[in-house]
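First chain written, first letter: the chains are A, B, C and D, and each begins at residue 1.
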């Protein structure tokens, strides 16, 4: 059963069609990676799903309810946590304050859903570095630490669906691997569903179950991760490796 | 920060704003002259009516108090119109708002003279504001009568033949207060609390002719800045036990409040401009619960009076003003500002009466110059009008506010003038209002 | 010696009130990045409401709370009706709209309440304290004013530092989009921000009037000084507004006491320029100007 | 006559001579528009009564100042709340120079006013160049509040609160005969002042039109829109901002000179903060960056208040109530225009015009353009 179903979603910025009747289904407990070159429409997809941008056509359903055009503020309470482009750390607040903001999202969530990170201590266990400097201002964190912070913050809202927008951006390969393995572990252990938008197709496919390739706003291929990794022609033409 | 105007989101909206602005432009452009063209030789006067106007601060910082003066004018003119008018002519009075800003004074006086085509400008209020229009009025030959300001600028027959002062000038008042202190408080240490303009400067100039060596401190305040804490503290530090205030009513109230705060209790002498017992008293009485029990908060304050004050209920003039205000006022209590307005209007009506049937702009100016000295208004001392003097009331008496709110005379009526003119006693008895309340021709 | 103390005390009492008004300006600037010119007129209007209550024999405290409630409601209504539709457009347009409100509300007050002086009583005495032969420029009313502003500042600090609501308001102020992603109803907070500023502005309005008298444009001089104090403080820091207000109050008093009253506004200008040359963002501004 | 100086410069055709042609084109176009305004101005002045003439002369100095401010704020993005004070510099310079028995001719005095105000604008501009948005607004507001007290404090030269009166000059012979020829009316000094104002406005308009299309104008717009990109492209931000401030100060100086003649006085109570704020509102409701917008905004500022007061007196309101109605209506108009026409009058009109043109292109057969 798919947590998130996107049917012929179209979004335009003025004359430009960022998304052109896109169909994506995100299966429960799976990682779906959305791949493609820069400007293919990956981030537009996430921004439209999370309500930051109003689509001009198409529908988005989350756990069966139609959330097309609903306000962004309501998404986290419906179980969809979004780690936006550029990570979205509020630099002027402390680490703990950022995390406490994340916990607010859990207020309206049913208490029985399986959640790997429920309390601040769970977050500090998951990422000890955050615990040590919990009262420091967030702008003192490194790129990797910021990525950990926003993932922890998102998990604190006890989501069923996690949207990740290019977590690997600007991080050393070792840290990218560490974060990707963590995400995969979370999915395996707690049945979390993840929609991962990445330019780094190779590492994305290494943890994803399915891959969706976007080009100029259109879905070009929807295949299992293994098929995409082995199909040389697809890799060269769209994924750049 | 400001960036290219983003496309208005509700682009479907009709540009109502555009229509509004454009219509204002169009209406004005073809406004055209619609003046009704006076029948007589001069504009603003016909067989049935005389149209006069003035500029006053009806809005803005100077509105409190001063905006009541035109109410006095209107009430008295309505009273006169209801009792036969002037030589069977009705007086139409237009008060325009200049918000005490000379740029607007010029605009509204242009409107009065060029569009409404008034016969004369009366009671124009404020020194900087009226200064902007005196040249224009004189070059257009419009009578500029009874200017509501104590500046001596209006006494300049050569350059400003059409312009006449009305109230006593600040320098004369300073001299009379100075003489009183010199005679009655010879060893007092005198402080001056003056407004930072002609009121303060001319007043202090007059005062110093008599008490120069007794002055221990001189502080000024800028109208608009209500924080006068440092100034009163300076007076206290100087040890002044007598303070002479040349200020407007709101600053009399403020200076009393701050003195209360500093437990500073000198003898206060305040110019008649700022000693409106009714207004200042009402402002302070709410604070007297803490300090001054029962009696009026201004008990013991010395000031001057050049005509009966609104608090003197048994004076025939005040009874006349009360009657006029009850019938033609807006129901608010009688204040000295309204009395000032009515007294000015009384002088205007008297001048019109004495200018006869075929009154013209020329003849009313002549009446002011020839008969002005014998006008029978409520002022204790006559006007100083003549061919070569356009100054207003020529004297006053020093009074002291009593506990029951009335005033007690401290000196007989004194007559003086600017410069080194002597201060002499004025012995003629005060005029009493005519039976009808309207001056005869 | 007493003169210096009194000039200083006078400066503090004046500065505290400027600080309270600057605080209201900062509350709005933090969330909408604009300066609300109508703040002065709103505060004046709610003070007239308090006066009307007192004239109908309500005690000072009821009138005080009534004015604060009115300030809260007026702030919220103005944000919803006038400011919200202008969101997303040019910030200058919002500033001009607040100027329009400033002029309109002041004219409305003159029409409704008349433009003459009305005295505004104080709940406590207005006579200064005497210590030995020293007369202090300090009255029960000035202490009441200082304490009230203190309570407001402490209250706001607690709200922002210690409560969930305060945290979300700060988050919305620093990054609206991320806050919405985290489920914060930014639009409601904007309205609440204007309402809260309306309330704080009303406090300033009443404290200026207490123990003195009011007329429709009595807040006019405070608007300029409040804005200058807020800029000195850093425009987006509440503590900065309070410090800026106090600095300006004391400087004005010293200039007026020791130099000349005519130089007060020039003194304020010099202080502002000096601070901005040192720190273009103001003394306590936390966010560096985000250039890129 | 949409002289919106923010519209992009037409793509210059190839070849060096094209630049001269383009430049020539601009000069001719500005000249024509300016002469057009001159003719319309003369027609208006001669066809309306004396009172409307005085209103039109107020319109001239407001518009001159508004053109300067709209260039600064619209073109260069700097917000100033202090241009009323800059007008004061121009007005006081004029009043002082006219205060002699044989004053210099008006053009010389106007030039002196422009130079003095530009100097003050230069000093303030240097400070302003480092400041942004509300901080700049705060600094210019403090300047607007502080400057009048300079006149109060230095009573000797500026005569304090009462200010300096300005004797409006007798109209010279050639002017009297010109008016007699044109409309046979008697040329009063206030008509002469109205013509001086109109003449200064036409000159100011001519330079503003050229400014918008010139290299300077493009630099200003670049600094406004893409500060960082402009800096990378080699435009010195500080210098451009100071330049914009000085030029807008020059306009304010000229406006101050004309205002001194029209109002016949230069006093602190003339140059209040309200003057600076009204200039800004005029520029925004007219349409930021648009010269026609500056005309319209100033016209609303000059004609709306008396219009409202007259309507209220006709509606039998007392003089005081009528006086209070005009700021009330003016405030409400400001809010309504911002709500309904955020781009100001000109912004909204050009928006509607562009949309209609775009819609016409869409319905036309799809052209080969990609």
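The criterion applied here is as follows: a residue touches a chain if its C-beta (ideal position, glycine included) is under 8 Å from a C-beta of that chain, and two chains touch if they have at least 3 such contacts.
Listed by chain with UniProt protein names: A = ABC transporter ATP-binding protein; B = ABC transporter substrate-binding protein; C, D = Branched-chain amino acid ABC transporter permease.
Keep in mind that what you see is a predicted model, and the values were worked out from it rather than measured.
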Checklist entry - Taking each chain's centre as the mean of its CA atoms, which one is farthest from the centre of subunit D? => result A
Checklist entry - By C-alpha centroid distance to the whole-protein centroid, which chain wins? => result C
Checklist entry - Roughly how many whole angstrom separate the Cα centroids of subunit A and subunit B? => result 76
Next on the checklist: From the mean C-alpha coordinate of subunit A to that of subunit C, what's the distance rounded to whole Å?
Outcome noted: 43
Item to check | Intercentroid distance (Cα basis), subunit D paired with subunit B, Å | outcome: 37
Next on the checklist: So the centre of each chain is just the mean of its C-alpha atoms; given that, what is the distance between subunit A and subunit D in Å?
Outcome noted: 53
Checklist outcome for this item: Within subunit A, the set of residues that touch 2 or more other chains is none
Checklist entry - Among the residues of subunit B, which ones contact at least 2 other chains? => result 1-3, 5, 8, 58-59, 67, 196, 222
Checklist entry - So which stretches of subunit C touch two or more other chains? => result 85, 89-92, 107, 110, 115, 260, 262, 264
Checklist entry - Which chains touch, pair by pair? => result A-C, B-C, B-D, C-D
Checklist outcome for this item: Listed in rising order, the residues of subunit A that touch subunit C in the complex are 50, 52, 71-77, 82, 84, 88, 90-93, 97, 100-102, 104-105, 153, 157
Item to check | For the subunit C and subunit B complex, residues of the former touching the latter | outcome: 2-3, 6-7, 10, 13-14, 85, 88-92, 107, 110, 115-117, 119-122, 124-128, 130, 135, 137-139, 142, 211-213, 215-218, 220-221, 252-254, 256-258, 260-262, 264
Next on the checklist: For a test of understanding, state which residues of subunit B touch subunit C in their complex under the given definition.
Outcome noted: 1-3, 5-6, 8-10, 58-61, 63-65, 67-68, 196, 219-222, 224-227, 229-231, 233-234, 236-237, 249-250, 253-254, 257, 260-264, 279, 282-287, 289-291
Item to check | Of subunit D, residues touching subunit C in the complex | outcome: 73, 79, 127, 130-135, 137-139, 141-143, 145-146, 148-150, 152-153, 227-228, 273, 277, 280-281, 284-285, 288, 320-321, 324-328, 330-335, 338-339, 342
Checklist outcome for this item: Listed in rising order, the residues of subunit C that touch subunit A in the complex are 164, 167-168, 170-171, 174-175, 177-186, 286-287
